[in-house]
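So that we are looking at the same thing, I have put the structure below in structure tokens.
For clarity, chains are labelled A, B, C and D in written order, and residue numbers in each chain start from 1.
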Amino acid sequence: MSSPKRSDEPVWWALFSAGGVCFAVFLPGSILALGILWPLGLLNSSVLQYAQLLSLLQSGYGLTGLAFTGAVICLPLFHAAHRIHHGLHDLKCGYSSATKLLCYGLAAALSMLALYLTLHLILAD
Amino acid sequence: MTDYQLLIQRYDPEHDNEPRLQRFTVPGDHTTSVLDALLYVQQKRDVTLGLRWSCRMAICGSCGVMVNGIPKLGCKTFLRDYHSDITIEPLAHFAVEKDLIVDMTQFLAHLSAIKPYLINDYSGTALHKQTPTQLAKYQQFSNCINCGLCYSACPQFGLNPEFLGPAAITLAQRYNLDSRDNGKAARMPQLNGKNGAWGCTFVGFCSDVCPKQLDPAAAVNQAKVESAKDFIISMFKP
Amino acid sequence: MNTPVSARKPYQSKLSRSWWLKHNYYRLYMLREATVLPLLFFIGCLLYGLYCLTQGAAHWQSFQTFMQQGWVIALNLLAFAASLFHAKTFFALFPRVMPLAPAWLMISGQWLATLLVAAGVLLLCGGWL
Amino acid sequence: MQILQTDIIVVGGGGAGLRAAIAAAEAAPQLGITLLSKVYPMRSHTVAAEGGAAAVTLRSDSAAAHFHDTVSGGDWLADQPVVEFFVKQAYRELVQLEHWGCPWSRQQDGNVAVRRFGGMKTERTWFAADKTGFHILHTLFQTSLKYPAIKRLDEYFMLDLLRAGDQVVGVLALALNSGELVQIQAKSVILATGGAGRVFHYNTNGGIVTGDGMALAYRHGVALRDMEFMQYHPTGLPGSGILITEACRGEGAVLLNKHGKRYLQDYGLGPETPLGQPQNKQMELGPRDKLSQAFWHEQQAGRCGDYNGHAVVYLDLRHLSRAHLQQRLPFICELAKAYVDIDPAQEAIPIRPAVHYTMGGIATDINCQTSLPGLYAVGECASVGLHGANRLGSNSLTELLVFGRVAGEQAAHYASQCPPADSKALSVQSEMSQRWLNRRFGTNTTDSVAQLRHDMTLAMEQGCGIYRTGEGLAQCQQQLLGLQQRYQQLKVTDRSKVFNSELLQYLELGFGLDVALAICSAAMARTESRGAHQRLDSGMTARNDAGFLCHSQLYYKAHNLPHLSWQAVQISSLPPAQRSYSADNVSATNSVDSTPGTQP
């Protein structure tokens, strides 16, 4: 039997796993704070005011902002792309290399966008 | 003795175009297994009922069927645990040859594909040494009875019959983890393919139904880690 | 074996698109996979927030207003639940993929990490840090 | 009809068949080997063996000791040159299996662990957890995949042997999935079809253990040897016969009758040992056959309990703690819970003796060759002369390996020399079989395969059970002849081709009836008591070396009683002596796990 072609899945799986860890470890706290308590006005602090937030993201030479974006936006995006891609297979909805390109492509594009915006913020002065 | 209602899926390739359910009433007590019930039907009601069995003690792996939609060993599933109609169908995802008998060719091909034997260049006559700790690394994965239940539980195999599937990948891990084996390099190409370890999305039901508690899902996903490592190594090779 | 005329006619059923509705285990699997949908919503919010930040304080204010809408909060509540459900399943899988320590230890360790992060974020954003 | 050509056919995918196929592939890689089996190889009944496989391993042990245990355990009916060869090859074969990956249980230092086993004076039984047969079978099956010369025909049922004159030149088989007959031509054929325990009602054997190979060799003129010796295991579950291992008694389980009394001291196995203090060879740790016999007496005296219509005694483990049971006997707890719905920590397990092993079989010489050129037999279906009147536990798994290899090599040697057979004669024979088969179909008014089989197994249980009498045997023989008559009238009502199980069972029943009649006839002729064959008639209750230190050999006569002849036992170094108690089939110490040992 000839050997099957090596799959490129390890790349996506590694991103998926890293994103999965972030989703499980960083997201519950983040969603709770930013998506629920803050809008409800239950976090009555100044940290989330425009100026303070900006300086928080810029702190540590901007690494704080980059880390936040990486862990809470980019990696989870790849996690989601992976699951959606395989979900299309599970639901027999046009799973193909085109949808693969679309899923991971979108994740990559949105990640770039997030990083671009973050850098913009960090470098803004 | 209580009367149990069995709905058995029948399929006669020489007359039917598709399977149908047939109802049988079977007497049973607290020791009657699904296999006993099926044999009762075969002996007393309908000799044409087709099924596989042999050891009736959950070790030969012949008697897998779907009981109310869940893959089970007929000889290790008891009527006493069911209270209304019991639907018995052939193992899911395999082609049905007749009644409860499925075509296992693909399953065997997948097992063979991963080279399930020790590969090394040892030519001595002395025993290999292997400590209990080394043995424990793979022992659990060597307990597979090849019943195929995990394939019926795995939707990925159902969607893609080329997927090597839980038992075969577990078997590959069993040999890869054996301290006497050097054959990992020969086995990895199968695991590295899209139908190898990467065909799995960790549904995990395979481990739930495994009658020998091998945790094939763990084996398959450990194989992913191995394949990922292999991927990285391959990038540094010409 | 190929015999010239064979009585064989194996019946191969096809998995329907709704296979996952047939069994609770599969439904939970699909639910697990679907946790990324509310996640995506929340990430969308964040992207929007980032954009607003780049546009200045006024925009940031309007972002907060956006986030305060009932339906947004509701979806984020969903995302929060999804993240917890995801965490539960993900943490349980991890020790099986990489059996580095006893499963219970790894699972509780991971929950602890989630808890610490959440506490940290809340303390930080609440200005108690 | 499809015709396949190969060099060697191995019939049977159990331990013996797989070992033979691998040996043939290694001995003569240029030859084609076809392994056919009525079930996938890993379903073969070798899979059910739990205990272990014997080979001299410890430095303190010796081939002479293993030889002595085997010969005396077999009540001097073993052929001693065969036993000598066996004990010398045993270790090498178990090591070979290790090299193929068998997960033998180990000691801390990495050496293989050995345990005590019934009838073995010292620790020499290799084991792979409590699933030795399973691991041996799967190791062999998986290893066989390595050899491209081995082509498998899974789920092919051997219907007949093909002959050219005196020579066996192939097999006629039924492909179960298509119902088509296939003529497979070869130069040599190895039968490795396993035992015949299923001709009895209560047995520990799988559904496929129906004596097919024995019956076919027999019908073609090969003798069945020592068929009167059927081993009973004292502790099977009622109804199913599922084996409850003797390790239980090693752990201190006691046997009770329906009055809750430990009865074994009434049968010369006393004095009663205190609860929780089992003594080697005493009471519950007495020999397998003695325990089975004691059950029989209790049953005669009306002191057995009833379990769903089966007479039973009780295996009581309640004095052992639940934790202890879970730790030492997890599989037994699982089996008891599953198959009789009993928690051994709270309730005694109902058990009864069940037929376990067929000592006799197709007569072969030490090279596994039968009297028909080209035909070999090995494993439980064969009688190579190893087990005598009583098999020692853990000798048979090793037998599969030692003699499986011999059979494979001999058959390969023969196949590379023998000229091709005239295939025209084969076609005639095959066509006749096809026509014979076609005539089997029809309708029945009253009889059925299931009914006939039921009657056969009960007749065997009554006539050829633990104790036999001339009268009971004669009656059993008459019943069997009657059953054979009914069998001639019987028709297969299901005419379908794909997996026709009625046809399969019909054919198996035919084989079983021939084997059953052989067992009964041999038992009638042996008017002494030896090993597993016990007569109650006066003057026959003891061993009689003057008259019966010989193998029974039965030759098939269609529609008639078989022809019997006696063959002298080969005695080389150990003259018959009292089957001393210490060398007896004491079978309770196998729970002593992994006593440290050293490999020679």
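FYI, a contact is a pair of C-beta atoms (placed from the backbone, for glycine too) under 8 Å apart; a residue touches a chain by one contact, two chains touch by 3 or more.
Everything numeric here is computed off the predicted structure, so don't read it as measured data.
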{"item": "Pair with more cross-chain C-beta pairs in contact, given B-C and B-D", "value": "B-D"}
{"item": "Innermost chain, taking as reference the mean of every protein Cα atom displayed", "value": "B"}
{"item": "Centroid-based (C-alpha) most distant chain relative to subunit A", "value": "D"}
{"item": "Whole-Å gap separating subunit B and subunit C, where each centre is the average of the chain's CA atoms", "value": "30"}
{"item": "Inter-chain centre distance, subunit B versus subunit D - centres from mean C-alpha coordinates, in Å", "value": "28"}
{"item": "Separation of mean Cα positions, subunit D and subunit C [Å, integer]", "value": "56"}
{"item": "Mean-CA-position distance for subunit C and subunit A (Å)", "value": "12"}
{"item": "Residues of subunit B whose C-beta touches two or more other chains", "value": "13-14, 97, 103, 155, 159, 201, 224"}
{"item": "Junction residues of subunit D - those touching two or more other chains", "value": "177, 496-498"}
{"item": "Set of subunit C residues in contact with two or more other chains", "value": "7-9, 15, 20, 33"}
{"item": "In contact (per the touch rule at the top): chain pairs", "value": "A-B, A-C, B-C, B-D, C-D"}
{"item": "Touching residues on subunit C, where the partner in the complex is subunit D", "value": "1, 3-4, 6-9"}
{"item": "Subunit B-touching residues of subunit A, taken from the complex the two chains share", "value": "1, 3-7, 9-11, 13-14, 86, 89-90, 92"}
{"item": "Contact set on subunit A toward subunit C in their complex", "value": "20-21, 23-40, 43-48, 50-51, 53-54, 57, 69, 72-73, 76-77, 79-80, 83-84, 86-87, 90-93, 110, 113-114, 117-118, 120-121, 124"}
{"item": "Residues on subunit D engaged by subunit B in the complex (per definition of touch)", "value": "39-40, 42-45, 47-48, 92, 95, 98-101, 103, 105-112, 129, 131, 134-135, 138, 142-143, 145-146, 154, 177, 206-208, 239-240, 242-243, 308, 335, 338-341, 448-450, 493-494, 496-502, 599"}
{"item": "Subunit B - residues contacting subunit D, complex", "value": "12-14, 29-31, 33, 42-44, 47-62, 76, 78, 80, 97-99, 101, 103-104, 108, 111-112, 115-118, 122, 125-132, 134-135, 138-139, 142-146, 171, 175, 178, 180-181"}
